[in-house]
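So that you can tell them apart, the chains are marked A, B, C and D in the order they are listed, and the count of residues begins at 1 in each.
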């Protein structure tokens, strides 16, 4: 991981734009990564055309898990829900602009797992496979 | 292009003199193969430059080690054409792979009144785990017969399938007879009868192309040390849905998602089955072994071995008193097990050794098969990509020398 | 004479630059240690000169391989002062050693109403195998409490012993707290209460002298990779009479005396527990690791680590917001796990890595212990014979840099 | 194993002095080495002073197992039974004059195991530990 670490990740970690919980939402999901204690909750409001009109995340954990959640919400707000369903591991790597390495990939993927599990209305985020 | 002289240069041990003036002639690859420099060096390099524990470390070495460990898994998956690389579970060897299935799938699915099928030509590794489990759970084991020529008796198999066995576990190639079983057909028949299949690929995967999807195998077990890779590592391949439903095997670090004082939840595949610090350097070496075999080409290896086998069979059958178990080179890999009159195989092997020739003597972990043929032991010569017809000549000359000792 | 500068020359990886201009500072030996050249070369030499399958071959290579494999066992036995070398069973790692005991001794001796004791500071490897078995057999598990300082609560232990547990299984040294438990006393108390004992020696055997006869331990488990040896091999030591009475673990080649279609009889010790082709090269490497540790001297290693530990504790306790789990260097090995204010351990480790400093972040396979302290994860620096006070300085400097990122 | 192999072992194997079964015996034991199919039966006659007055072996197997049996009986005839009880692995190695190597040691030790099991009146030769 190169110097982008500080710039992108630390910036979003220290000064997130979407931290909090929506008062009005129709999707809510939370999960944690037991390996390192990262925790993410996402609340989402979708409109009549199945677009994400607003979103917020809350939780705690390492900078990658929290910053990625912020970057992810930045990206999905105003996107079609169907588009979000198509996002994979590679979408996240592209979004954050760094290869988090094999070990921290789990941290980076937590927020997308939570988001997709919420959208699909699943009972467990384990059912989400982001490899494909 | 397959050039055995060039291949031999890759294997440093082939230059060794095992006795003064006697260069090694290694005809014991069915027991364990030799290793090319690239495999030895890959582990060397790992220990000198990247060594660390995997998965849980975020420092550079831990990331490199994790990447190498997982890259090898991906290579192995491609090599056997596994659907996903997470269907490749690292074990110690073929034996552990089979025990894993017995203790997870077997314990979960086999009941007292059930039947499982093995064959009469199985290696102890594919007999004893089932005998152990059967003595706990009470299911029955039947052994599919072999013909006097040493081939699987398909008619007997079909008869046994009528009794609706839950599992058919068989070796793809016998390490004594050399017989190559029609795995695809056996699996089709098993599936049609509602049975799950386990293929012991210990002697197959090293020697010819094996494609799990084409075979439609439910499980496949093999060992790195027999396929130019290191000791200490093997593989269990399984169908995704089967592996997913199986309970874990050994408990400990890495195989868990979460542990509390009150209980644990198991990790995703493949980690669910890899408890504790795994054989990391060995996985790296296994990856290099796959690279090596692919660079040579499995079809080329298969063809070369068949040439050597036919040449050797031709010569050895002329030696008085030699009797080969399955002497038909058509459905057979590069293994020749034989008796030599009244001379005990240990004596044959020991006297051959004085000319630098390494063959194996004993029951080759297939005691029931030997009992079936009413012989306690055989001498076995086995071939691999680095063997030559000159080595076969020396071996057969050696047999004549043995004869002189015991007149 | 212990000279850390000379020792460092034996470990090629310590010259590695992990990032441009950043030499490796390896503070992650509790996860896996680095390897001296002599260990790497011993395996190299094995593969280049002696590689063959063991036990059943009568040719020169098979004899050499067998001799090396068994010579290493003898060295290991002497190292831990085992009565006989056949009480040293090769496994893959500490985890498999513990699973072996659970699945053989445990399955044979534990009943639904029984109780076993673990401690609150156990590694997952000494928790999950027992949880798995308990869910099958129905016995109960109690965890001996630890004090707020991170030491085992002997009073709680004595209370629990009144309930006559069948087994007490505990770590000699915690891989998180660093706490060294009074193993000899714990075993005496256990025996007086009629319990069998298993000592998880994964963090002990590599770091200070361990004598199984002096301890009177019934079982001892440890891994080569944490004691300058290779991955893929570990040991289970057991008392002779216990091992003899235990049923086999995995079934297959080498662990049998005789196999028939109708059943098998198990081999003598230690082979009864070593099914299939074992980790031969790894045993050779393990033997070289023992030679290396003995040439340095375990007392010297212990003393050096304590010097480094005290130095490090003195410096790190001055860093604002750092909280060390068990900061008392008296009953503690060379492990410092700590929290660093609100900064997540992953971030600490990742930023330290940029200065070449390798530490571990997470729950270190001791999730229940972390839950007890109400923290999801810690950063851990751990020391071994090759670490220096200069490395500690760089590490502490690194912590100040980390602080700057997260203001 | 060196050239003694041929001279000592092969000679005793091809021309054993003590092959057969005693008609009069007071000790008889047999065992086999399942690993390689070696089989040894020993019959023994001891006199009133606990001396071995005669002995024979029968069986089949590799040259080491059979030759060692012959060499062993050569040695024990006219010896005190108590002396035989003290014999170990090392006695055999000394007697045959070669190091049979780790693998064939079992073959070399079979006859001593059988002999001692017979003398001790055991039900199984497995109980004999020749290491000490």
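Keep this in mind: a contact is a pair of C-beta atoms (placed from the backbone, for glycine too) under 8 Å apart; a residue touches a chain by one contact, two chains touch by 3 or more.
Nothing here was measured: the structure is a model prediction, and the numbers come from that model.
Trainee: Spelling it out: a chain qualifies if it touches chain A and also touches chain B; which chains qualify?
Mentor: For chain A paired with chain B, the chains in contact with each are C, in label order.
Trainee: How many degrees of rotation carry the C-alpha atoms of chain A onto those of chain D, rounded to the nearest 5?
Mentor: That pair's rotation angle lands at 180 degrees.
Trainee: Which chain maximises the distance between its CA centroid and that of chain B?
Mentor: Between chain B and the rest, the longest centre separation is with A.
Trainee: Using mean CA coordinates as chain centres, what's the chain B-chain D distance in Å?
Mentor: Between these chains, centre-to-centre, one finds 37 Å.
Trainee: Per the centroid of Cα atoms for each chain, what is the distance between chain C and chain D, given in Å?
Mentor: 45
Trainee: At what distance in angstrom does the C-alpha mean of chain D lie from that of chain A?
Mentor: Measuring from centre to centre gives 76 Å for this pair.
Trainee: If I count partner chains per residue in chain A, which residues reach a count of at least 2?
Mentor: In chain A, residues 34-35, 104 touch at least two other chains, as defined above.
Trainee: Would you pick out the residues of chain B that each touch at least 2 other chains?
Mentor: In chain B, the residues touching two or more other chains are 56-58, 62, 258, 346, 350, 361-362, 367.
Trainee: May I ask you to sort the chain touch graph into line, ring, star, complete or other?
Mentor: other
Trainee: Go through the chains and record each pair that touches.
Mentor: A-B, A-C, B-C, B-D, C-D
Trainee: Which residues of chain C touch chain A in the complex?
Mentor: Residues 344-347, 350-351, 354, 361-363, 367, 375-377, 405-407 of chain C touch chain A in their complex.
Trainee: Would you tell me which residues of chain D are touching chain B in their complex?
Mentor: On the chain D side, the touching residues are 1, 5-6, 10, 13-14, 34-37, 61-64, 104, 107.
Trainee: Quick check on the complex: what are the chain C residues that touch chain B?
Mentor: Counting only chain C, the residues touching chain B are 12-13, 16, 18-19, 24, 26, 28, 31-32, 34-35, 39-40, 43-44, 47-49, 51-53, 56-62, 92-96, 98-99, 102, 120, 123-125, 127-132, 135, 143, 223, 225, 230-233, 248, 250-256, 258-261, 263-264, 275-282, 346, 349-350, 352-353, 356-362, 364-365, 367-368, 371.
Trainee: For chain A, which residues are in contact with chain B within the complex?
Mentor: 34-35, 101-104, 126, 131
Trainee: In their complex, what parts of chain C are in touch with chain D?
Mentor: On the chain C side, the touching residues are 55-58, 62-63, 66-67, 70, 84, 257-258, 268.
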